[in-house]
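In the two assemblies presented below, chain A is common to both, partnered first by chain B and then by chain C.
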Partner chain A sequence: MDGFVLQFVEGLKTTVLLALISGALGMVVGLLAAAAKLSRFAPLRVVVGAYTTIVRGVPELLIILLIYFGGTVAISSFFGRYVEINAFSAGVLALTIVFGAYTAEIFRGAVLSISRGQIEAARSLGLHPWQTWLLIILPLMMRIALPALGNQWFSLIKETSLISIVGLTDIMRVAAVGAGSMRAPLTFYLAASALYLFLTSLALVVFNLLERHFAVRGH
Partner chain B sequence: MDVELLLTSTMTLASGIPLTLILALASLVIGLVLSVPLAFLRASGNRWVSLPVLAYTYVFRGTPLLVQLFIIYYGLGQIDFIRSSVLWHVLRDPFWCSLLAFSLNSAAYTTEVFRGGILAVPPGMIDAAQAIGMTPLQQKRKIILPIAFRGILPSYVNEVIALLKASSLASTVTLLEITGLSRKLVSETFAPYEIFIAAGILYLGLTSVFTSGFRMLETRWLNAPPKQAAPDGIAVKRVAHGS
Partner chain C sequence: MRAAMASSLPESQIAPAAGGVQARGIEKRLGNIEVLRGVNLDVAAGEILAILGSSGSGKSTFLRCVNLLTLPDQGDIWVHGEHLRLRPVSEDDSAPRILDHDQVRRVRASIGMVFQSFNLWPHMTALENVSAGPVLVNRLTRKAAAELGRRYLAKVGLSDKAGSYPRHLSGGQQQRVAIARALAMEPKLLLFDEPTSALDPELVGEVLRVMTALAGEGRTMMIVTHEVAFAREVSSRAAFMHQGRIEEEGSSREFFSNPASPGLRRFLAAHDERHS
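And now, the complex of A and B:
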């Protein structure tokens, strides 16, 4: 059992790293997609709209399987021999795509709820469009988007467990290996669920602090 | 991309639709039935009543569904008491284990959604129900529940879609629903693009059917005018028939 404690620590690191990287990249994708959805250029709106609709209507597991096995086929045909795609990169790519689609909707809704006056005021002060985005829209939007964004991070942490299905040694995979070799599935999966509960609780605390930090005094 | 293979595999995978639907809808119904009493307990002012329900929803919403499924499917067999009981016939079957995991998971989410709906019922409505002499059970059944359900309908759609997608996890415990069939087909043909995309098309079809179905329900129950219902901008005045 002692050996497994170390393995669980390694698995925890992998899970956290996977969530943080794909969450950060996914938020960038989400912001860009939200901006594209709000643009005046119709073809861009249609393409990005299709992306968010499709990704949100299909199981995350399917996207992960498609990227892992599809990526393996693509890379193998590129090199002319069988090359398996790295499970971690496949996981980052899949979760980024998923996270981007969900956060795009959140960011879009948040931008739309900012009053026009704020943006007009920024323009009349002579701020450049990117300055308006960076200094006015982003800070105002973050406050509105935070609760929904927190929920999405919550889901992301739980979705990382699906990458274990394509062989990434995260918390879930360590538990599955331990469950098999020690013939104690209940013990190992309960340990895994305790670790996930710890991570989601941590995310909850962090987002509560963030919400308090961004809250407007007197509101 | 082989379009012919895409079409034939869509047809093959379509045979997995019934199992996907059964898993999703049955756990949705069980989850709904469990969540109604739980939501009333959770919304109760008494902490000794609401805290145990909070513990349940917190644990089930804070851990991945995959772990919950594996605990039920692989884990419960480790307990001798369960292995020797009649329950074992049910709990060693992947279908019943998936159904149990999905139902408990869905009940946890729906309980929290419902709790929000119950707390949002205007106190005046409940006062009025008390004033005309309704018993607490009548108040819940005839006043609080219908109003709460209408209020949560938009967020309940999300739960339905989430469950439809979550049913794909049943493929990890050997069930051959849409995802399970597609994984089997990919291991036989090794054409992941066509087959997984075909599966994606089927899921997208199912989720859009459910989304538009619920949108219709919303228009009917919430008395919201359907889009483009009023030609030339003239609002058609609707007479409520006391539905």
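And now, the complex of A and C:
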């Protein structure tokens, strides 16, 4: 059992790393996709619209399998020999694509809810569009987006467990292996549940702090 | 400068005067409505122009064309003698375009605009609202911009509100901060788009007092307003818009005491009735 404690620690590290990297990248993708959806350039809107619609309409598990196996096939045929992509990279890629699609919708809605006048005030002073985005739109949007963004992060933390299907040794994988080899499924799955709950609670605390930070000050 | 323009532009596009604002043949269609149908209007440097008209006459849309928050479909605009480079609306590409974004940003920075709905940024204090433009656009140091910001907050009588967030200010105070924000850019021209229309009646006076003080400093101002008495008091010239055209314009003295067009006569009479 002691061996499994260490394995759970390793699994926890993998899960946290996977969630943080794909969450951070996914938010960047989401912001860019939201900006694209709001752009005046119609072809861009169509392409990005297709991305978010398709990704949100397909089960995450399928996207992970498509990227892991599809990616292996694609890279192997490119190099002319069998190359297996690593489960962690496939996981990051898959979750980034999924997270980007969902957060794009959240960010787009949040930008649309900012009063047009506050953006016009920035333009009327001669601010550059990137200054307007960074200093006016982003902070105002974040306040509106945070609750929905928090929910999306909880989903992301839980969805990392799907990557265990392609062999990544995360919390879920450690629990499944332990449950089988020690013939104690209840113990191992409860332990895994506790770890996921710990992570989502941590995320909840972080988001509460962020919401307080971005709230209109001086209440 | 004038010579260069004269040689490169057709006769119709030569600015009639070097300072202020000149607008020629401004047309704008929003959806199916022709909001502006060929507006010609001049504002000389140092002049205070009041633009009156009923709702939907196009006066706000016209004002927004001056700093290009609204792009005119047709027509030419000169600001401080500089011709704004725009591509008019065309068959193959339905939207008018800005051709020189650097020019537009530079011109906008030299024009202060005060909006009907204040449009302060809610995540910034009054002082941050006022000093953001000087830091970001005019490249002042934070310290210099804060100093400048405090000076203009004092000018609108809000020294004690520098650290307040907009939602803790009354509408009148918010609008005075918005005026300070426009002034802190040290603009050559001030645009007011119905600055008191969103205010409770008891808060209108404080904003009009600030604007009257500005008018006394020899600033160039264009004021779209429903406050006829105020317009009569501060403006040097006035224009009356009706259905997307300037129906009458002239010196304020003539305009208010001896209106020529039936439309303006009706408008002023209706106003007198409401306020008698």
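Following the convention adopted for this analysis, the second predicted complex is superposed on the first by the 216 of 219 C-alpha atoms of A that agree within 3 Å, B and C clash if a C-alpha of one lies under 4 Å from a C-alpha of the other, contacts with A are read in each partner's own complex, and residues count from 1 in each chain.
As a convention for this text, a contact is a pair of C-beta atoms (placed from the backbone, for glycine too) under 8 Å apart; a residue touches a chain by one contact, two chains touch by 3 or more.
This one's a predicted model, so the numbers in the text were calculated from it and none came from an experiment.
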Inset, instruction - Specify the outcome, clash or fit, for chain B and chain C once both structures are aligned onto chain A. - result: fit
Legend entry - Cα-centre angle that chain B and chain C span when viewed from chain A, reported as a multiple of 10 degrees: 100
Inset, instruction - Report for A:S115: first if it touches chain B alone, second if chain C alone, otherwise both or neither. - result: second
Inset, instruction - Quick one: classify A:L197 as touching chain B (first), chain C (second), both or neither. - result: first
Inset, instruction - In the overlay, answer first, second, both or neither for which of chain B and chain C A:L140 touches. - result: second
Inset, instruction - Identify the partner contact of A:I165: answer first if only chain B is touched, second if only chain C is, both if each is, neither if none is. - result: first
Inset, instruction - Compare chain B and chain C by how many residues of chain A each one touches, and report the one with more. - result: B
Inset, instruction - Could you say whether A:S124 touches chain B, chain C, both of them, or neither, answering first, second, both or neither? - result: second
Inset, instruction - Tell me which partner A:V73 touches in the superposition: chain B (first), chain C (second), both or neither. - result: first
Inset, instruction - Would you check which partner chain A:E105 touches, where first means chain B only, second means chain C only, and both and neither mean what they say? - result: neither
Legend entry - chain B and chain C, minimum CA distance [Å, superposed model]: 13
Legend entry - List of chain A residues in touch with chain B within their complex: 54, 56-63, 65-66, 69-70, 72-73, 154, 158-162, 164-165, 172, 175-176, 179, 183-187, 189-190, 192-193, 196-197, 200-201
Legend entry - chain C residues touching chain A - in the complex, by the definition given at the top: 67, 69, 105-113, 115, 117-123, 132-133, 136-137, 164-165, 167-168, 178, 181, 185
Legend entry - Partner chain A, residues of chain B touching it in the complex: 59, 62-68, 70-71, 74-79, 161, 165-169, 171-172, 179, 182-183, 186, 190, 192-193, 196-197, 199-200, 203-204, 207-208
Inset, instruction - Would you tell me which residues of chain A are touching chain C in their complex? - result: 115, 117-118, 120-128, 131, 135-136, 139-140, 143, 214, 216-218
